[in-house]
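Heads up: the structure comes next, in structure tokens.
Here the chain labels run A, B, C and D in written order, and each chain numbers its own residues starting at 1.
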Amino acid sequence: MRTFRLVIACPDRVGIVAKVSNFLASYNGWITEASHHSDNLSGWFFMRHEIRADSLPFDLEGFRQAFAPIAEEFSMDWRITDSAQKKRVVLMASRESHCLADLLHRWHSDELYCEIACVISNHQDLRSMVEWHNIPYYHVPVDPKDKEPAFAEVSRLVKQHEADVVVLARYMQILPPQLCREYAHQVINIHHSFLPSFVGAKPYHQASLRGVKLIGATCHYVTEELDAGPIIEQDVVRVSHRDSIENMVRFGRDVEKMVLARGLRAHLEDRVLVHDNKTVVFD
Amino acid sequence: MRTFRLVIACPDRVGIVAKVSNFLASYNGWITEASHHSDNLSGWFFMRHEIRADSLPFDLEGFRQAFAPIAEEFSMDWRITDSAQKKRVVLMASRESHCLADLLHRWHSDELYCEIACVISNHQDLRSMVEWHNIPYYHVPVDPKDKEPAFAEVSRLVKQHEADVVVLARYMQILPPQLCREYAHQVINIHHSFLPSFVGAKPYHQASLRGVKLIGATCHYVTEELDAGPIIEQDVVRVSHRDSIENMVRFGRDVEKMVLARGLRAHLEDRVLVHDNKTVVFD
Amino acid sequence: MRTFRLVIACPDRVGIVAKVSNFLASYNGWITEASHHSDNLSGWFFMRHEIRADSLPFDLEGFRQAFAPIAEEFSMDWRITDSAQKKRVVLMASRESHCLADLLHRWHSDELYCEIACVISNHQDLRSMVEWHNIPYYHVPVDPKDKEPAFAEVSRLVKQHEADVVVLARYMQILPPQLCREYAHQVINIHHSFLPSFVGAKPYHQASLRGVKLIGATCHYVTEELDAGPIIEQDVVRVSHRDSIENMVRFGRDVEKMVLARGLRAHLEDRVLVHDNKTVVFD
Amino acid sequence: MRTFRLVIACPDRVGIVAKVSNFLASYNGWITEASHHSDNLSGWFFMRHEIRADSLPFDLEGFRQAFAPIAEEFSMDWRITDSAQKKRVVLMASRESHCLADLLHRWHSDELYCEIACVISNHQDLRSMVEWHNIPYYHVPVDPKDKEPAFAEVSRLVKQHEADVVVLARYMQILPPQLCREYAHQVINIHHSFLPSFVGAKPYHQASLRGVKLIGATCHYVTEELDAGPIIEQDVVRVSHRDSIENMVRFGRDVEKMVLARGLRAHLEDRVLVHDNKTVVFD
């Protein structure tokens, strides 16, 4: 069922819900899902509606025009999207295949509703798997002594493919600040630890050394500060003294791919709102 | 912060949210929490608001009168409650103390906001623990050959103490159908299995025989059909071949008390709506 | 590191561990992993050792001859396997791809150490995915009015490919009793519910109707009685009133594939011992 | 059933298990539980046996003498304990009651097998609860300007009560280094975060600021470095944007008390072995 998704963040005050739901009701809009959140700390209000597209007399542009006065009155950050319009995703990977293979399968089996525009990798290893899915594969090697040309090429490809969102599916390179800024809240990373524990490299080794009893993974938006962006989703799995680092890496792969898939899905369905460095995820 | 809680269930149609939020906004009501759910299968709509009491010009009775026309228009099952008004709870237990002790401590440490009117037990074992909390303890032994007098006395005590909710905190007797009907959706039980597995007696023994790898507990409203009422909350814990039945019972106690406490809390905060034999729990 | 795996089940009595570890020590065997379990209820003892192959002066056959007297003395059910010897797996699937794709990827990325001899399906849908992995794909349609010829062909293929284990990766047909008996404890199924809840067809629909708050999946050995064989692994995921049956099915897929992969891995590593209708899984 | 618990850590080499199990078998020792672990990184071997006391011809002292030559031969760190001998526990708390009440109830209901020698607190709040259990309560206020006299008194009380283990059940003071050293691996703390995240004060506030999706608790041995000692047990619970810091604190209390109880139980049953800064926990 095709829906319009109305996503709003604004300073909290009396009457927002009344105004918005009046607006929708006055056009006979059939709400299939509604979520609200008042954040006491920041004084902000967050809201997401799904409305049956066929119940409204507008297209997206018509909705935008009709709703604009309300948005202005309440100083809203807002967007309206069409569930039928597939977001364009650029996937980036290195050598490890588990996250990429998982996302490709979810897309291939119609679980993830999106367009996968292309895959960019600094290695050739995953080309055949990607091409079996009829998705273009770009090999952009990164020269450790001069990374700039590679990232210029990455940037060009992302633009050329009109990406709505870039997913770092275990892409083992750090994106340059410029790219992070340009695609703020549009680049999703999976970090292989339960952040903020074990920032940086080799988190499973760090976890093994510290002797933790659970390991985890974190899906977050990429910001200029490494592994410090807004967290979308996290999960953990139990480990014990019996588990070698190899076992932890293996368990971790399963958590990583699940957490990344859940995070990406929430993003694609416009369920994630970012305020300050935190997310509201309407599930 | 004192709030009014407006809880609504009604057939789904366009305009409910608009009508309700308009009503609230027209009186300048400050909504601190709002939850909605449209159930596709049944075609019903469920809604819960918390509104700051000091933002509204009514007391409960005034609210009821003002809102009645809307409720009628939309054929609502509804209630409005005052968060400051403590619900009266009657606890029932047998010999095992873990659920009772847990609830008493949560109440004693101000985590559970309610009045514990009294404890009724078919044994004397837990009297001292209860009386230390300054709560009346009634010993109502159940004669296995004639249970009727005991349940007449239980019924009398529940009435006398004006119970809003009765909690079977591992009370090992089956309530008579009459009592179940009279207090529909007001009697909460904790069953020591992950229902619908292992209905009836000795679920941990059944679980051990079946060789399951997880055991659980289920908090549900009591209905005439044993262990078949609407489920409020469930959880599980991992077990293995290493775990004897005694271990399962021990692990189970922890799950039971957590699940019961979460279920009771949701009930006390008017977060549980029952429709058909299922619950909507707005957390 | 190549190891021999010594797996033993026998009636419990004093001196088993001493005898076995003496035997191993007398040949200078380097134990890398040792697990024991005494089951009080059945009075049986279970034991699994991994021993570095290069520390022993035998091949498997030599080990068998040397160990036979001890095995006889203690009436052991036992086996010795070589970790370097890949087990031969036959996968069976219908139309749904999630479990099959997951297992194929784990095999392809060297996480699952085995030979995938072939895939048998009653549909053509997954042929291309399987053939990309260079694995033979057999389409054996099942005529609902006469299933016998299909299962004769399945049986022939399983034999021809010398399967050590058959995995029903969401194969939506019930195997005939004869096949179940012939491959006792060698056919692994994934059932899409937390057994023993919701035996049989459409478990997610059953779960939705019952209003459970967790759904799960169960990996078990297939026996003649439907969904009643020894359980190897189970897991659950939280659901709520917000989740439609479609959502439950989607969440369920993730649990199913994880639980099946863990169960199969345990089987491949000779970690699962069956006694009566229960398993000991040495993790 | 009364058992002797033989707990061993030593450099790994061939023949340890054979030697130990031979020793036990030669005296007809009936092993009810046996656990082994070879740690590849450190090259150490860990082992724990429970042996029916009535199957052995020794008391503890006799066992010690008989086993001493083997222990010496393999350079073992080892101990033998009697399950019937209750360990003496000193509990320390401040104002928050949840961990203390939980441990007291487990002890009172015979779930925790130990002697609770006394409770020491820097506040008077929990006196009545403790004294209802007939346990001595010592109020030792800590002067923030001069903590030395308080900790001298704590030290004196711990000695006087011949504590085998000290449990910091949300005792909100940092123990002086001297005490940490003197009772190495005998002081158990519960930290209200998933370490190593959020070391130090107000971890739930830190967690809320960082926007994590899971919060946790960590049970660990106290060392001189704050919140950095060997981890015994950890667990987490899911939170979301809906959860205020108050809610996190409330959820956290449940995780804290469960994790502390599991950690303490493992310690009391001699299941925890410490090597370097990590634990082996034989469950």
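Methods note: a contact is a pair of C-beta atoms (placed from the backbone, for glycine too) under 8 Å apart; a residue touches a chain by one contact, two chains touch by 3 or more.
What you are looking at is a predicted structure, and each value in this text was computed from that prediction instead of being measured.
**Q** If every step must land on a chain the current one touches, say how few steps get you from chain A to chain C.
**A** 1
**Q** Interface overlap for chain A and chain D, more than half of numbers shared or less than half: same or different?
**A** same
**Q** Which one of the chains is farthest from chain A, going by Cα centres?
**A** D
**Q** Weigh B-C against C-D on C-beta contact pairs and write down the one with more.
**A** Result of the comparison of B-C and C-D: B-C.
**Q** Quick one: chain C and chain D, Cα centre-to-centre, how many Å?
**A** Roughly 37 Å, centre to centre.
**Q** Averaging only over C-alpha atoms, locate the centres of chain B and chain C and give their separation in whole Å.
**A** Averaging C-alpha atoms per chain gives centres 41 Å apart.
**Q** Counting only residues that touch at least 2 other chains, which ones in chain D make the list?
**A** Within chain D, residues 242, 283 contact more than one other chain.
**Q** Could you pull out which chain C residues touch chain D in their complex?
**A** Its residues touching chain D are 14-15, 17-19, 21-22, 24-26, 28-36, 38, 55.
**Q** Over in the complex, which chain A residues touch chain D? Could you list them?
**A** Contacts found on chain A: 37, 39-41, 46, 194-198, 208, 210-214, 216, 230-236, 240-242, 244, 277-281, 283.
**Q** Note which residues of chain D are touching chain B in the complex, please.
**A** Those residues of chain D that touch chain B are 97-98, 101-102, 105, 108-109, 111, 132, 242, 250, 253-254, 258, 261, 283.
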